[in-house]
Amino acid sequence: MLTINRLDSEDAKILIEGARAKALEIGVDMCIAVNDEGGNLIAFERMDGGKITSIGLAIDKGFTASGIQKSTQALGEVNQPGKPAHGISSTLGGRMVAVGGGLPVFAGTDVIGGIGVSSGSPSQDHDVAQAGVDAFSQYQNNKT
Amino acid sequence: MLTINRLDSEDAKILIEGARAKALEIGVDMCIAVNDEGGNLIAFERMDGGKITSIGLAIDKGFTASGIQKSTQALGEVNQPGKPAHGISSTLGGRMVAVGGGLPVFAGTDVIGGIGVSSGSPSQDHDVAQAGVDAFSQYQNNKT
Amino acid sequence: MLTINRLDSEDAKILIEGARAKALEIGVDMCIAVNDEGGNLIAFERMDGGKITSIGLAIDKGFTASGIQKSTQALGEVNQPGKPAHGISSTLGGRMVAVGGGLPVFAGTDVIGGIGVSSGSPSQDHDVAQAGVDAFSQYQNNKT
Amino acid sequence: MLTINRLDSEDAKILIEGARAKALEIGVDMCIAVNDEGGNLIAFERMDGGKITSIGLAIDKGFTASGIQKSTQALGEVNQPGKPAHGISSTLGGRMVAVGGGLPVFAGTDVIGGIGVSSGSPSQDHDVAQAGVDAFSQYQNNKT
């Protein structure tokens, strides 16, 4: 039997709050999703003005980052023409998102979930996801 | 051109908090979704212990209730054999949920969104969704 | 952060071996799937003669039982006409299977995964899944 | 009427064991799938630590390789921009995988199935799949 560490519901709120604060700072209303380490959704928030096409994108970025255990931005690089994973973005019924905005969430070396952000540019989405991860890291450090 | 009334992000939180309070009271961890009047997800929370099969069910109950403008419990009644809508539960790729736990949210006579709850019995899910709607009604009344 | 117990790869083999032994005993070649507590597939075996339509059914029964934390046979009962969950079998894109053959796997009171069996009658599938669970229980008892 | 040669359940285990041995050797936990010549799954194993996004990828790589009767790595080459099959990776609802890790399994000149591996780099996945095929070839030679 395995023993797994996983984000809980409170952790998810910290991640979303950190991301939302950054989204407000840069002035882009975002869709923000937090998934667990199995890819299942824990929490989601669409800020007023978040794009409707970004609902699924945010959820699937969080899913992808949980699964691949790195950023969707990094997946985007190997998905480019000429790279060996070119075309991976259409796998899993298109749930495998190769556009920036998804990040795994770690506790030590364990992936315990993922965050996915969408509505801005891939770079803005990535930065907002990173702000969520940073807020969670600070929260973890404060607890220990 | 139409002017549409729609739940905002703060409203969604009121609905979720009202539902979560009831879920805690009855001791059943729930998945709770709030969708807008267009069926698109605004906010979602899976309480620790909410079922993974209930993630999609909660979202689709909120979607269904927004769309049909009545409860998914009521849809369940007309989905029964011998009733004219029997089989409607398999439409829309199965997103049309005919099991209790989804309720439309009104402002006056306008449907401005829906709430979907899943993880308990259909009756428990319905009651928790109703508690979310009640909390929102009280919040609206307090504002006016 | 949550700490979750989950079936590992060896556990999955015990479950499949227990189910296969029963399938051989009753003379029905089966598809047998083991999913983790998040619904994700750990292991699958189609015995020679297992039905091709049963591949997805076994996987989805394991998924469903993990999620609902009871048997798919029990879900089948509340999915019957006149019951409040009638029609639930078409939710989640049809992944919610309300036919016998899926069972949750417990460690104490924790659901740590599920097993799904298909190719025989619902009752045969249920019995074969149960034999897998029984083999796993015996294996756990021997370890402690 | 046709008489078809097809991997049986024991063959699938040989393929998975060969692949798993290589995965352990290179230190990457893998998802490993074996499909028959009709593309239907025979057996699957997710090693502890195999990625959840790789479950479907492994299965679909085995499916693709069975179908196209060459490696998914080779498909990746003709899927690149400027090549005549560019874009084929999004066909079949995304099940057509154009990333290394899928190989057909032959008996003489007949394709009798496919193996799909995922969780490492495309090149690692390919090597692990090849190790599975090699183990099966040796097993076939020993029998004759």
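When the chains are written out, they are named A, B, C and D in that same order, and each has its own residue count from 1.
As a working rule, a residue touches a chain if its C-beta (ideal position, glycine included) is under 8 Å from a C-beta of that chain, and two chains touch if they have at least 3 such contacts.
This structure is a prediction, so every number in the text was calculated from the model and none was measured.
Peer 1: Name the chain whose C-alpha centroid is most distant from the C-alpha centroid of chain D.
Peer 2: Chain centre farthest from chain D's centre: B.
Peer 1: Centroid from C-alpha atoms only, then distance chain A to chain D, rounded to Å. What do you get?
Peer 2: 30
Peer 1: Go ahead and note the Å separation of the Cα centroids belonging to chain C and chain D.
Peer 2: 26
Peer 1: In whole angstrom, what separates the CA-based centres of chain A and chain C?
Peer 2: Taking the mean C-alpha position of each chain, the two centres sit 31 Å apart.
Peer 1: Where in chain A do residues touch two or more other chains at once?
Peer 2: Residues 2, 8, 37-40 of chain A touch two or more partner chains.
Peer 1: Of all possible chain pairs, which ones touch?
Peer 2: Taking the chains two at a time, the touching pairs are A-B, A-C, A-D, B-C, C-D.
Peer 1: Which chain A residues qualify as touching chain C in the complex?
Peer 2: Of all residues in chain A, those touching chain C are 1-8, 11, 36-40, 107, 112.
Peer 1: Spell out the part of chain B that touches chain A in their complex, as residue ranges.
Peer 2: Listed in rising order, the residues of chain B that touch chain A are 8-9, 12, 38, 40-48, 52, 55.
Peer 1: Note which residues of chain D are touching chain A in the complex, please.
Peer 2: 48, 51-54, 56-57, 60, 76, 79-81, 89-90, 93-94, 97-100, 121-123
Peer 1: How about chain C: which of its residues touch chain B in the complex?
Peer 2: 2, 38-39, 63-64, 66-69, 81-82, 84-88, 90-94, 96
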